[in-house]
């Protein structure tokens, strides 16, 4: 049985002192105490984000502003204590502090503290939204990890195709944006080439806000063309992803050749060739 | 030949009394009388929904309001009688009343009756729209059931991938919504983070209403980025579904039990059981 | 060698009289004269549609109205002569007159003639747009027919899945439309349930005109949900079509079992099994 | 080892004179000097496009107009020198000048020179956007070429299906555009059939600007129908592309020539030639 948290063995303090115990609670996800901490942390993260969100709604701020202020500081204090604990119980605190989650954890509490000194810094609270990623990390230990991995590796495998595709899109956006700027001109909302390119992206991707629209006949003709081209190439990323995903799902088959008939595609759990009944050689993996 | 309605054997009254006869007409879908009842019910459901829909059109209400009122009560009376009959003829009425369709059947008639006492309750008629689901239940016995099942099981098989995907989308929506709120601010329509998130969903999914649009250069730049990201990940659910569906279609397995180990799922071209190597009996089809 | 126009043998006049010659020119697509006629017809159809289109542009009508009028009558006369010729040279004129293309051919000329008697009937010219379908018929003889057939049969094979899918969509549209009508109400543009359903279709399909948008918080929340659901199920028709098309393309493989190793999937042109080198039995088809 | 630039052997000057050396720097991409030139060229192209873009932004033009003017001429001079050098060092200058990139290279510098004589010609600078395609040419030598090729050949293989598909779309656009023109009329924005067709394209592709929207009940009904049809056929190009791409990826054929009949395309798992049954030589990879 392989250990589910090699991470612990690397960075956790040895022995059974209070540091080791708290390390397992805060960083570990295996035992009951660690899971209770994880659940509490997820609730706190979602709660603090909800408060920060609702506080920007004018009517809610007017009515519950003071209440939100108290909650805000409660979460900040809790997260600060959590951050200090993380620094204290880990063996290589500096390494944690410089890691992605270390920085996010710090950025989640800093703005509120800074707001004591500098006015307006509470806008930085937006950074706290990044803490939501920690939920993914915790959930990583659930059964969803296999699916997320398949999706992720599919995206990684498709990255070059996607890059080529995006270069082509951006070139088209530049050329069509420049053309529309010439045809329609500033009086119809195409005030500059960057604005035209923004419009071209909005149009080719079929978003179509409608804040800028062609007014001239030639502009409408070119727009129709741009849309049809965009409509055709919407197929490309979908096709890339689907083909890669299908290949990934197919690749889960056992690739071992039958010693008698040579058939190489067998289901995952096959022990005998389904075509000739010969026992299959054990696969290495 | 297996019975097409094991449901009848479980819940229907035994014998040939009037209750058993009506049970077969109302709940059954096999014989001529049951089918006639089904057709009548579908017509009544579609009719009552059409009346409720048209009654909300101001001009139609002004002209045919009284006529709609009579039709409304006719349908309500018919559905009430149907509901009482269902309660009377079934052996376990309480179980039916608490089932999904039992509740929907009740909710379909209650609002009109309540409107005699309380004003404004006729708005609850919207609930009647749910009765349309009964049509699916009736149609379930047609040849479309195989296709619907394939689609449904594909969605069920893909549910974890879809959940992972939606969590990722919502995180992006939160982060981009918060950023746009900071960049554009209330004066451009991004009045709060929830509103910004609504805008981010509308934009990333390429709906693009245009009721809120970026005005600043930085906002337009970020919008272009958000759109391109949304455009790329539109591929993900399509890819997931297509790959699963293709796998589901390919896996139309041979349903023949191995005489040695009892394994019932074999690939189309299998002649030997892949688990124990025994030759499979010839399948009938 | 199989005849490319069994149609001719069935309906064409026998012998070599002028009727048989003209029949081959008008209905046939094989010899040089028939092809010249086809090209002329395509030009005339496209020309008459272009004229009808441009005549609706106010500025073009003001300037070239008289010229369009002359062209209009020229095309009408030409199409009338063509129609009469078709009736005269075919052996079963009544059967042609009642066929789809027979009716379209008649409808293409009638409006202009009726406009001599009744005012306003020129609007019926829109029917002429259907004549464009004849171009497809003519092009049917080119090499594109195989591709069009594959696409068409894919759509036909997927028809039940598509029907199930559309029933589900329409139910969702009805339920969401009714809900939005209750939540937003007439003052925000959701003036009736049919209008709300129109909005729901526009939104779920990611078109998003923006002529009607939610104003209340609850409405925006429900809209976000509707959009995400719509975004997920956009995958369904794509998935259905892709899976069917891939299956259709794969099905072009030779389905014959190798007599030695039993391998059943071979490329179209395979004469020997690629796994064991045994000669494959001749396939029946 | 096969030469990576057969182009050089054909058009480059023989020997080791300065022309041959500069030819390798400007047209070649293999050695260090050639790569440095490529990098410089990419920077210059991106820089000149950025300047042309920013110069159209009113506020940037007001502030940095003079600076942009200087940069503009710097790039023009550099590109002019580059163009002359290309003409000088190549053996068949006329052939280069008439090639696609030769014309683009000329068009990239001409507008600025012409602007000395004719006012307003600076708008032609938009043509310079086409120079961005040269970046693709240079990048062609990187590892992305395989992916771009796969995407490109997929598009090429799918071209007939796409053409059939677009003809069908345009016919639908014509018919629906004409119908909406009749139903809604000029007072609702459907001022002519071409405008209605523009609207139909915008709607069927789910772009949905919202600049023109149906106002009448019948118009909204037809719009719903058009949208649902458009929504269904959005699946078609995606399906075509995905199926072709999946086929292309699966067909990564074994590239080994049969020793008996010379056939070079074999499936991945082939051990015997499928045309003559000869055992295939082991492939190196």
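Think of it as A, B, C and D in the order they're written, each chain with its own count starting at 1.
In the analysis below, a contact is a pair of C-beta atoms (placed from the backbone, for glycine too) under 8 Å apart; a residue touches a chain by one contact, two chains touch by 3 or more.
Just so it is clear, the structure is predicted and the values come from calculations on it, not from any experiment.
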- Task: Over half of interface residue numbers shared between chain B and chain C means same, under half means different, so which is it?
- Result: different
- Report back the single chain whose CA centre is most distant from the CA centre of chain D. B
- Message: Can you work out the whole-Å distance between the CA centroids of chain A and chain B?
- Response: 30
- Task: With chain centres taken as the means of their Cα atoms, state the distance from chain B to chain C in Å.
- Result: 30
- Item | Intercentroid distance (Cα basis), chain C paired with chain A, Å | 41
- Message: Going by the contact rule already set, what residues in chain B reach two or more other chains?
- Response: 194-195, 197, 206-210, 234, 238-240, 242, 246, 269, 271
- Query: How about chain C: which of its residues touch chain B in the complex?
  - Reply: 160-161, 163-165, 167, 171, 174-175, 178-179, 181-182, 186, 191-195, 197, 203, 206-210, 213, 217, 220-221, 223-224, 227-228, 230-232, 234-236, 238-240, 242-243, 246-247, 262, 264
- Flag every residue of chain A that touches chain C in the complex, lowest number first. 206-210, 238, 242, 260-263, 275-276
- Which residues of chain C touch chain D in their complex? 49, 52-54, 56-58, 123, 126, 129-130, 132-133, 136, 139, 143-144, 147-148, 150-151, 154, 162, 166, 169, 194-195, 197-198, 201-202, 205-211, 234, 237-242, 244-246, 249, 266-267, 269-279
